[in-house]
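One structure coming up, written as structure tokens, with questions to follow.
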């Protein structure tokens, strides 16, 4: 087991913190709403793809229904804040727990299956059930007409900084929240990988049989990682709901979200700490840059997926880290 | 459902069988691909979608008769299937993690084809007229000729497939490849050619189903995805890799759906079949009719 | 010209090297045994010859032609038939279908029928079971069917991987009698066997493999009297 995470933990932590600092400095340079919006989406999807990477990249379980947890978090938090009048700051965590609970339920059949294609089918079918139920319960969710009137995050007073307000015109506050969420998720991934738990996860990915013989409790590990990953996706969904303020089943629960997650993770590097984030920025910024191709976005995603698995199966992060490693192997004995 | 008059009930059963026979065509392609290559084809729904569009264009733009348009549309989809296998799947086979990468690659193809169709043919749903009009009354059941024709075509297609698999040299090679890839290679089977042909045949079966259903369901860029998922439900029910299982599974799902829609509302149709899918994989991962692999 | 000639052949499974500089020669019509313990690389040598594994280095000549890059389906067409370890029959095909698969590469139904009769004469038991599914037969019958399937390919060189594996002593005797009979018709044979005793009794020459290398070679009688071989492989 010689993954880069094992070999150069400090290096990764350093890059992570440096990136967070750089992100925090962005609003000092520009507060242009559209640019911040793109950055918020990139970080949101980077974090979402990272939470999926935890199951797929590290535990090696290819699930195809992550959008269900994201969408459930979004609808859950939106509906709780609307119907119960609770603050989004509270409902966000409650929605995360809802998603986690659902993740634990779906982990039950997944735990019994080892074939990669079967797991993909089960999780996809599950996510489709969630989407269809959501769009059929029109009394509750308004279906495809869209759930609107979702309250934004409540404003608060931060000492030294002043009023922090959340509305369409004030993207800076959202931007800092999403940086925090991103740091929370990638940081948690980092911490998990360094722990005994993370060692067990990667053992599962590399060989289920070997992991079992090493005493890794497969069922418990998979269940935990499923629940945790779903929890993170739920929180991100809640953030999304209180940011865009309108939800439809196809935008919050559609398979397009899953496709973006897969494309971003694969481009950046599956099973790499920062791979999903790198992929999210490349795809989000890159496709915005090619604005003229906006309507061909999904077409490009499709071609990209084929090209990546064919020519760059380990993603861009592997190239970069491979380069760094070559530089450092002479100096640091491992 | 219980209060339904008996002839109407049997009429619905027959409608279910008609629908199910088309699911069986789609599913048997998935199961052939799984059986020979041990991979899932996420682009299968798009083969179905392309079949529908090719058929529509041949009929409405070129003015072909259905009898001529069907074989041409199927042949075109067959070629698309060959191309997809050669371009997106073949280079990945035998590489590390090919199970995962073929899944992602066919997913990429699916997204590409779906959006290409959207850009080329637009969002508007297309329909083609019935091939034959009229109904026939048999012991109180009213059945349309169109549906009976679909059933007849399905039976002929299944018999042709059975003949191909059991009685031809290529069928022997395909079955041998499915049972033991190495042994098939050792005895002269170019398995890569078998893989490519299997994709083409599977695509053609999906295309045939699309031409048949195009007069009942409408044609759109998104028509493939739900049918692919339905196909997965059917093959999982029948046991992945089993050809008779796909037929039986298709018919069962067709009947259950047709009766279910009468009992509940049609918007819950997919929820029912996907729930069935999860439950089967949960408790009998080798399928209802499949045999547990050791 | 030798029938088969391997010259400094190296092969890998992924990054793991399985064969190191293998030199091996088979003359027309002889039986050559490869002996050695489990994991020594015996099976890999056969898989390399039949094209399932591609050698990374070295040359592989069959009747003087380079076949190192050939695919398995063209190797069998050139006259090498491989009976893999564990028989590897097509389990859900009948015995007769399995045999006909052996003749697949020739694509000639009439020839196939003639050869079928020949195999049934050689193995009368298979004739009785022609319509039975191969997967449901006993180990010995499966081994006969596997050899029969290989003969249907009309080989000039037969690769046999562990033909005695899992068979009762009496059946082993029958199978090996048939192997000698086939050889008597001029078919060259490479016999991979874990049972060194059996292999050396059957073959004229033998190669001893350890850890992916050929460590000893010579006539069977020489190897049988070699002290190291006697101790490690013959249990004497």
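Just so it is clear, A, B and C label the chains in written order, and each chain counts residues from 1 on its own.
FYI, a residue touches a chain if its C-beta (ideal position, glycine included) is under 8 Å from a C-beta of that chain, and two chains touch if they have at least 3 such contacts.
Heads up on the chains, UniProt names are A, B = Branched-chain amino acid ABC transporter permease; C = ATP-binding cassette domain-containing protein.
Quantities reported herein were computed from a predicted structural model and do not represent experimental measurements.
Distances between chain centres, each the mean of the C-alpha atoms, put C farthest from chain B. Nearest to the common centre of all protein CA atoms is the CA centroid of chain B. Per-chain Cα centroids separate chain B from chain C by 42 Å. Averaged Cα coordinates give chain A a centre that lies 34 Å from the centre of chain B. Look at where the CA atoms of chain A average out and do the same for chain C: the two points lie 53 Å apart. Counting partner chains per residue, chain A shows two or more touched chains at no residue at all.
Annotation for chain B: residues 96 touch two or more other chains. Interface residues of chain B, counted against chain C in their complex, comprise 96, 169, 172-173, 175-176, 179-180, 182-191.
Residue ranges on chain C touching chain B, taken from their complex, read 14, 50-52, 71-73, 76-77, 81-82, 84, 88-93, 97, 100-102, 104-107, 149, 153.
On chain A, the positions that touch chain B within their shared complex are 62, 108-109, 112-113, 115-118, 120-122, 124-126, 128-129, 132-133, 136, 255, 259, 262, 266, 295-296, 298-299, 301-306, 308-310, 313. Within the complex formed with chain A, the chain B residues making contact are 34, 39-40, 87-88, 91-92, 95-97, 99-101, 103-105, 107-116, 119, 225, 229, 232-233, 236, 267-268, 270-271, 274-275, 277-278, 281-282, 285.
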